[in-house]
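Please find the structures below.
Consider the two complexes below, in which subunit A is the common component and subunit B and subunit C are the respective partners.
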Partner chain A sequence: MRALTFLLLESGAGMTGADSGKTRLVVGGATIAGLIAAWYIASTTGAIPKLDFPSPEQFVAAARQVVVEPGFADGLLFDHLLHSVKIILLGFFAATAIGVPLGLWMGWSRTAEALINPIFLLIRPIPALAWIPLAIVWLGLDDAAKVMVLWFAAFVPSVINSYTGVRSIDRPIIEASRMLGIGRMAVITDVIVPGALPSIFTGLRLSLQGCLTALVAAELLGAILGLGKVLYQAGLDIYPAMILVGMVAVALTGFVLTALLDVVESRSMPWRKR
Partner chain B sequence: MADIVLDGVSRVFGHGDKRFVALDKVSYTVADNEFVAVVGPSGCGKTTCMRMAAGLEFPTSGTCKVGGKIVDRPGPDRAVVFQQFALFPWKTVQQNIDFGLRSLNVPRSEAGDRIAASIKLMGLEGYEAAYPHQLSGGMQQRVAIARAYVLNPQVLLMDEPFGALDAQTRTVMQEELLRVGRINPRTVMFITHAVEEAVYLADRVIVMTRRPGRIKETIDVKPVRLAEKWDNYERIEDVMDLESFVHLRTRIWRLLREQHDPADH
Partner chain C sequence: MGPALPTRQLVLLSAVGLAIFFGIWTGAAWLELAPRRFLPMPWDVIDRAFKLTETRFSGQTLQGHLVISVERYLRGFILAVLVGVPLGLLMGWYRWLDYIVTPVFDALRFVAPIAWVPFAALWFGTGIGGPTMIIFAGAFPPCLINAYRGARYVETRYIEAAQTLGASGLRVVREVLLPASLPSIIAGLRISAGAGWQSLIGAELIAANAGVGLMMVRGQAALDTSIVMVGMIAVGLIGLLIDVALRGAETWIKAKQGH
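== the complex of A and B ==
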C-alpha cells in the first residue's frame, strides 16, 4: 500500500503543464490513501491506543451504526445532516441578505457609512459564539436561537467584504459611468454590484465557514438533532469512533456547501472565465 | 458650438505649508471642431485641465465653460477616453459601447445602428461578444474610443489615451484617430507627454510649464500641416520625416527642455 502511494507520487511529480489538474487529483488521492494506510498500520500494531483513537474498523462500524441502523443520538445521520444544513442555510441567507446590501450601501454612501459604521464597529469584535448565552435566554434551546448565533457569524464578514468590494472598484470605472451619464439604479446594478462581486463572494465564503463553526458550537450546547448533537453525545458516551464519524460528516458538509458556492460564484461572473 | 474655454483657471491643493498650486491662472480656448493637444512635463496640471472640462474636477478660481455653459458635472456630451481605458470588465465589447446609449434613452433600433457603426469605425468587428480582459491593450482602447464616439459627443476629452500602449500599437492608434477625426470631426482636448504624437495629431499644441502649471506657448500646427500637405501621407513615419514636422517637433522639445529642472537630477 505504501509502495503504491510512493509510486503514485513519483509519477505525479513527473507530469507537467496540461496534466497538472489530473496530477493534483492523483497526488491528493495518494496523500489521503497514504494517511489511511498509516492509520491502519498504526492502530493494528497498537502504536495508537484504541481507546484514544479509533481503528479504521471501529470507524466503519460507527459509521454504519449512524448511517443505516439503528442510528445515534436520536436519529440517523441523514436526519442530523438535514437538520444542520437547514439551520446553516437559514442563518446564512438571513445574514447575507441583509449584510451584503448593507455593506454595499456603506461602501457607496459616506452618509450610510457614518450612520451605520459605529453600530457595526460595536458588533464586529464580538465573536459569534459570545451570542450563545443571550440567544438561549431570548429564544431557548430552539432552532431559532441557533439561527440567531449563525446570523451574527455570517453577518460580519458579508458586510465587511461587500464594503471593501465597493471601495476597491477602480476610480476611473466610477468616473466612466458618471461620464456616460448612467442613472442611479443602473450604477448600482451594472457597476457597483458586479464590481464588488469578487469581494462579495470572498465574504460569502467566510460567512459560510462562520456558519459551520457556529453551528457545531451551538449544537454542542444542546440540540434535538444535528451534527453537533452527534459529536456531543459521542463525547458523553466516550465513543471516539463516533466522534470521528461526526467530524468527518461536518468536514464533508462544509466541503459540499463550499463547492456549491464556488459553482454559483463562477456562474455569476462569466467574464472571469478564460 | 462646442468650444472649451478655460478662463483664469487655478487649482490649489492643500493649505498652509502643504499648499501647492497645480494650475496658475491658465486661460485657453479649444475652438469648435478644433483638435488641441496639451503637452508638458508630468505634474504640470495638463490632466487637471481636461478633468475640469469633463466635470470630474473643479477650479479653485476661474471658470471652465464648454459650449458656453459652466461645467458643473460630468456628462455624455463630453466623452472622456481614460489612460487606463476604464472599460467595465463585466460587460462585453457590445455592452460596454451600449451602456451610455441606454442612459441616453436612444431608441433600440437606432442604438443598434450606432453601435454597429462605431464598431466598424474602430475595426472591432468580430469582437462584439468578447470581454475586455480577452483583448489586447490596443483593442481595449479601441473599445473605449468607440464607447466615446457612439455617444456622438460634441467634445472628446482624451487623457494620454495611448500612453499605456506599446510603440507599434500606439502608431496604429494615432493613424486611426486621425482617420476617424477626418470622418467625424469633433472638438478634442488631447493630453499627452509625447511631443511627436501632439504634432502629428493636433491643429494646435499648447505647451505647459510645471509647478505651478502655466501656459508656456501655443504652437499652430494646422497652417503648417495644410501648407506642407501632410494629409497626403498615409503613414505617420512619412510625416515625421518631413522637414516641417521635424522643425515643429524640435521647437516644442526646446520649450520643454528649457524648463527642465536640474534639481531633479
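== the complex of A and C ==
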C-alpha cells in the first residue's frame, strides 16, 4: 500500500521534474474539493434522493449523534470503535503469533513443509468470510466467534508470506553463516528472521486487512457492539447518513491501523532505506 | 533448509499430515466432544453434499445455488476488469487523469469492500445488483493498481518508438502499454478474482435472496453444521478453480511473450 502511494507520487515527479508533485497536490485537492461541492449541490437540489445518499448536513448531524450523544446502535462511536479494535488486535495477534513461526518453520524444514502443507492447502482456498457461519454455529454471536473468523483471515497470509520470506533468502548467505560456524539458534535469529522480515511484514499487512474485512462482515451478521453493528443497524433503519458515518469510521480505522504497522515495520528494519 | 525430499518420503509425510488432520476431526467427533450436528463426521459432510444435489434447500439445490453465485460473480468481476484495467492503463499514460483519480481512489481504498453492503442493498437490492456491487468493490482496486503499475513500467523506448512513428495517445495505450503490461495485469486479475470471490460470499451471507452464501447462513440458522461445511468446501473448490484458470492464462501469456 505504501508502495503504491510511493509509486503514485514519485513516478509522476520523475517524469516532469520538481514541480509536478505540487501540480499533483493542487489537482488532487481541487478534485476532492470539487467532489464535496458537487455532493453539496446535488443533494440540496435533490439530484441525489435523500433516501439514497445523505446530504453533508445530514452526515454531520449523524456523526454528531453517534460521536457525542445520544449514540447509535447501543453505544457511542468510541465504544463501537474500542470493541472492534480490541477484537481485531486479538484475532491478529493470536493468528500471527502462530502463523509466522509456522511459516518460518515450513520454509526452513522440508520435513515440516511436507507434513503441514497438505493440511494448509485444504484450509487456504476457503475465504475467511466463509468461516463466519461455522463460527456462529460453534460459538454463537460472542466475541469468541469473531476472533475465530479473524484468526483464519490473518493466519493464511502470515504463513504464506513467512514461508516465502525464508525461501527467498539467498542460499549462499545461509551456507556462509554456517561455514563461519555460528550455532543453529543464531542462524535462525540472525539470518533467517531478518532475511524473511520484509516478506513477513507483507504478510502482516495482508493479515491486518483481512482482519478488518472479516470483522466488519462478522459484525454485520450479528453483534452487540462494533463498527459493523453501526452499519447493520443503519442499514436496517434505512438511515443513509449513519451508513456513511459507519463507512468513514471503518476506513479511518483501517488507515490508522495500517499506519501503525508501517511504523513498526520501519522500526524493525532500520537497515532498509525508505 | 535442506535439499528437496525424495518423492517417496514426501508422499509419505503428506499422507501422515492429512491422516493427522482427519484423524483429529474423526476422533473428536467419535468421542462426541460436541453433539454430532455441531461436529459431523467427514463422511456425514460428503453424504450431505450428495443429498443437497438432489433435494432443494432454501429454494435451490446445491448446484442451483452455485450457478447463481457464479453468475453474480462473473457479472461483478467482468465489470471490474472492464472498468479497472482500461482506467489503470489510461492513468499510466494521461497524467491529468492520474492526478484526478488517485486522490479519490486513495480515499476510498481503506473502506473494506464488505462495508458497502448496506448501501449496495439500499441502492441495488439483494437480488443481482447489490451483490454485484460488492464483488465490484472487492475486485476493482487490484485491477486498477496493476494495470497502472504495468503501464508505468513499460520501457520508454517502446513508447518513444511508437510516438516517432506517429502513433496517437490512445493508440500508444492500446498497442504499446496494453500488451507490454499484460503480465502485470494478469497478476492483478488473480488477486482481484480472489478478492471478488470472497466479497461475493460475504455479500451473500449478509444480504442475498439465493446463492451458496445464503445456503450457508440458512444451514447455520438450522444449526446444521454439515450444510455449512458443504458450503465451505464448494466455495473453496470454486475459488481454487478460478485461480488455476487464471494461473494457466498467466503461464500462457508469459510463454507467448517469450519470458
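Note that the second predicted complex is superposed on the first by the 242 of 274 C-alpha atoms of A that agree within 3 Å, B and C clash if a C-alpha of one lies under 4 Å from a C-alpha of the other, contacts with A are read in each partner's own complex, and residues count from 1 in each chain.
Simple rule for what comes next: a contact is a pair of C-beta atoms (placed from the backbone, for glycine too) under 8 Å apart; a residue touches a chain by one contact, two chains touch by 3 or more.
Computed from a prediction, not measured in an experiment: that's the story for all the values here.
Shared-chain residue A:V27: touches subunit C; no touch with subunit B. By the touch criterion stated above, A:A61 is placed in contact with neither subunit B nor subunit C. By the touch criterion stated above, A:M269 is placed in contact with subunit B alone, subunit C being left untouched. Applying the stated contact rule after C-alpha superposition, one finds that A:F255 touches subunit C and leaves subunit B untouched. Looking at the shared chain after the overlay, A:V191 reaches subunit B, while subunit C stays out of its contact range. Within the superposed three-chain model, A:A176 lies in touch with subunit B and out of touch with subunit C [touch as defined at top]. Of the two partner chains, neither subunit B nor subunit C is touched by A:I48. Greater residue coverage of subunit A by touch, when subunit B is weighed against subunit C, goes to C. Across the complex, subunit C is touched by residues 1, 4-5, 7-8, 11-12, 15-16, 20, 23-24, 27-29, 31-32, 35, 52-53, 107-111, 114-119, 122, 125-134, 136-138, 166-167, 174, 209, 212-213, 216-217, 220-221, 231-232, 234-235, 238, 240, 243, 246-247, 250-252, 254-255, 258 of subunit A. Only residues 54, 56, 73-76, 78-80, 82, 84-92, 99-100, 102-104, 131, 133, 147, 151 of subunit B touch subunit A when the two sit together in their complex.
By the touch criterion stated above, subunit A contacts subunit B in their complex at residues 170, 172-173, 175-183, 186, 190-191, 194-195, 197, 269, 271. Residues 1-5, 9-10, 13-14, 16-18, 20-21, 34, 38, 95-96, 98-100, 102-104, 106-119, 121-123, 145, 149, 152, 194, 197-198, 201-202, 205-206, 216-217, 219-220, 223, 225, 228-229, 231-233, 235-237, 239-240, 243 of subunit C touch subunit A in their complex.
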